[in-house]
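Below you will find the structure I want to go over with you.
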Amino acid sequence: MVAKPIVTADEAVELIREGDTVMVGGFLGCGSPPGLIDALEKRGTRNLTLVCNDTAFHNFKTGVCTHVAKLVAKKQFRKIVVSHIGTNQETQRQMNEGETEVVLVPQGTLAERIRAAGAGLGGVLTPTGVGTEVQDGKQVVELDGRKYLLEKALPGDVALLRAKKADKAGNLIFDKAARNFNPLIAMACRTVIVEADEIVEIGRLDPEIVVTPSVLVHYLVRAKK
Amino acid sequence: MVAKPIVTADEAVELIREGDTVMVGGFLGCGSPPGLIDALEKRGTRNLTLVCNDTAFHNFKTGVCTHVAKLVAKKQFRKIVVSHIGTNQETQRQMNEGETEVVLVPQGTLAERIRAAGAGLGGVLTPTGVGTEVQDGKQVVELDGRKYLLEKALPGDVALLRAKKADKAGNLIFDKAARNFNPLIAMACRTVIVEADEIVEIGRLDPEIVVTPSVLVHYLVRAKK
Amino acid sequence: MEYVASKETIAKRIARIFKDGDVVNLGIGLPTLVGNYVPEGVTIVLQSENGFLGLGPAPAPGAEDPALVNAGGGFVTIQPGGAFFDSAMSFAIIRGGHVDATVLGVLEVDQQGNLANYKIPGKLVPGMGGAMDLTVGAKLVVAATEHFDKSGASKLLRTCKLPLTAANQVDFVCTDVGFFEVRNGTFVLKEYFKPYTVEYILEKTDADIVVDKDCREVEIS
Amino acid sequence: MEYVASKETIAKRIARIFKDGDVVNLGIGLPTLVGNYVPEGVTIVLQSENGFLGLGPAPAPGAEDPALVNAGGGFVTIQPGGAFFDSAMSFAIIRGGHVDATVLGVLEVDQQGNLANYKIPGKLVPGMGGAMDLTVGAKLVVAATEHFDKSGASKLLRTCKLPLTAANQVDFVCTDVGFFEVRNGTFVLKEYFKPYTVEYILEKTDADIVVDKDCREVEIS
């Protein structure tokens, strides 16, 4: 087995170029990589497309601004593809004022579109969204009397994951509900960067419990304690 | 959490009716449930459709006949949907002599079609098989200049799995390469029966390492030692 | 008769729908309350769409785990026999019909079984999250809503005006005045909750309501 | 010049293709031999389509594990740092372009990069197994074949006659007489293996072959 480079968060985010599609793991921030997000905010790369379950929390009243919401606040995204923005007032503001393109995708469809890209599929047929605005502009396929939307694969350039533990080859396990989209975005991006709470020697992860196999991972970053 | 019924293999196969589509885990027999197969052979239910990776081994010279090959030899299937029959001379004979309908499906397509059924998808678009006989009769969808086959979801009636360990709720883990199609067929069938080498109390399986969650499992059978 | 909004009434009645062993997904907000009122002797298994089965109650103070939250971001626990999985498996379970019932809050629900709960154009756009998959995928879709909005207008409508979360997917609507089945393009009143009356419900609701032949008064307590 | 079939020549040459760290899937039969000849200093990671990464050599006698077999059913081992997964993930890895190279045996291969290896109608129908996904999904597809069949006919053709496993997917063909790239509808001869000559290959092969400007003699040993 071959070891993957272990880099700093600052080095890692240099791999993200203006205009890239960046996928970020996490569900309301649970499972998002804090060090990579902070480094990307510091570097200030703009004109990005975000693919994530949501844009975490941003509350104008309390000033709370977490995880990818920091990047939204800095206006680093020209486009945001998520299932939910109800917890981020700034994303809603940018959308309503036409500053940023926000595409809302049903959560299960988002998961399947990302997985499809990673699995070499062109897309999937899903009943979700039939008869709603989500159907607009999409091909409807009827099979055995039921209608489905043709939802296209959604690939990305760079994936930013948070893992509980990685071995040096890049095999990953996650922490409880912090798993969510992390294993999916690892499949779908050219460059996959993992912020891991712990990095162990090759051979120290039981091959039966690995969730994301090493072949899908390209760079490792040690999370700050 | 609610416990699932623990039944004998003989009781379990009574749930399979003439004409049913039966999915069986395993890859050349590795990961197939031996007790359930033997019970189904004994019961002799016919007119079934088999969905499996392959039909295991049947060698006319040596007389070796393993796993689902026993059911093929008893002619319990009217239709066999698999990716490979090169190790089973009887399946080849039945196909060549027109006794049994054999549908060959690329292995990755088979996996995705089964998963799609379990995931409530109508199907997937795959580049696999474009320009081959597999394309015959299928819709070809072109997306962004690449051709894909529309491959429909493949649901089943009863799934027969082999697991290494189950808890009484039906959470499962598998044994090394014996995992293969087992977690997929558990998603795709109305009735899911698991032959487990070991059945433990609820709470004894780490929720982080469960491969097939309990919700997908309906009956447990203790494997003979 | 004066209308007094009561989330508890709704949660208590919905909690009686489930059979022992049902796998249930409860939406954020009002639907989450349903979990508190499941009758004794009935065990339901809660699915949390962010990636696990066996959702348990909030942890004791000090035992919160930032990696163990529900789909609303609140701290929770996992029951013995639970399992974690990724979002693709979570929604395979939801969309694939492996969830027996989902309970969802609504902005509007109509007599065709249409449900709107993710968008008020130009005003509020939280997004659909998992709601579109849940309504399409769960075997039973229960809409949970106070019967009237703050202006006194009925939230049960002839036709939803807001963008739909799902078309023709709602099976039951439970409000704080009654329990309705959606059938053949009308609401069918199955139960009315003390102190409300059939007449009150028919008069105040701007939708077609058929009173079921077995419709009865129920006291929710 | 007499043709002497040599699986070892093919396996040895193909083994030199790989870069350190490449993820490779080797087909059953002849391709499996390739793993024995990977040069020192190059580590490749073998993917086994039945569900794991880090395929290792056969176990010591007595240490065979019936749950640890390769896609041909033979007993194998797993390397430290390997991982098990289900068939959907296995083929997501294959179809999704995460495998750097696959080596496949052929019945026929043609100058359009078509490959046939799963079916001789009415005679032998083993089925495609994972071969159709591998040819479509792997970044590099290498066909491994003896140059001639038992009747002396070339297995490199102008057009495959058998049902195709995949259309236009083969990048390289390695036989026991030479190494070919498939480019613009012809075979491009890159290397000829001692003692065979360019003339011999051109004369005996019923297909269009362009001799690369850098074509050279190579001794495989």
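For this structure, a couple of remarks:
Just so it is clear, A, B, C and D label the chains in written order, and each chain counts residues from 1 on its own.
The rule is simple: a residue touches a chain if its C-beta (ideal position, glycine included) is under 8 Å from a C-beta of that chain, and two chains touch if they have at least 3 such contacts.
For clarity, every value in this text was computed on a predicted model and none was experimentally measured.
Following the contact convention of this document, B is the list of chains adjacent to both subunit A and subunit C. When chain centres are defined as mean Cα coordinates, C lies farthest from subunit B.
Here the CA centre of subunit B is 29 Å from the CA centre of subunit D. Centre to centre, using the average C-alpha position, subunit B and subunit C are separated by 36 Å. Centre-to-centre separation between subunit A and subunit B, using Cα means, comes to 32 Å.
Counting only residues that touch two or more partner chains, subunit A has 112, 115, 119-121, 126-127, 174, 176, 207-208. Shown for subunit C are the residues in touch with two or more other chains, namely 52, 78, 84-85, 88, 91, 94-95, 136-137. Contact topology of the protein chains: irregular, matching none of line, ring, star or complete. Of all possible chain pairings, those that touch are A-B, A-C, A-D, B-C, B-D. Those residues of subunit B whose C-beta lies close enough to touch subunit A in the complex are 112, 116, 119-127, 141, 143, 146, 148, 150, 152, 173-174, 176, 207-209.
Within the complex formed with subunit A, the subunit D residues making contact are 20-21, 23, 43, 45, 47, 52-54, 78-85, 88-89, 91-99, 136-137.
Listed in rising order, the residues of subunit A touching subunit D in the complex are 1-2, 115, 117-121, 167-169, 171, 187, 202-203, 205, 207-208, 210, 213-216.
Note for the complex: subunit B touches subunit D at residues 27-31, 53-54, 57, 82-87, 92, 95-96, 104, 106-112, 115, 126-134, 164, 174-184, 211. Across the complex, subunit B is touched by residues 48-52, 65-69, 71-73, 78, 84-88, 90-91, 94-95, 118-119, 122, 124-133, 136-137, 163-168 of subunit D.
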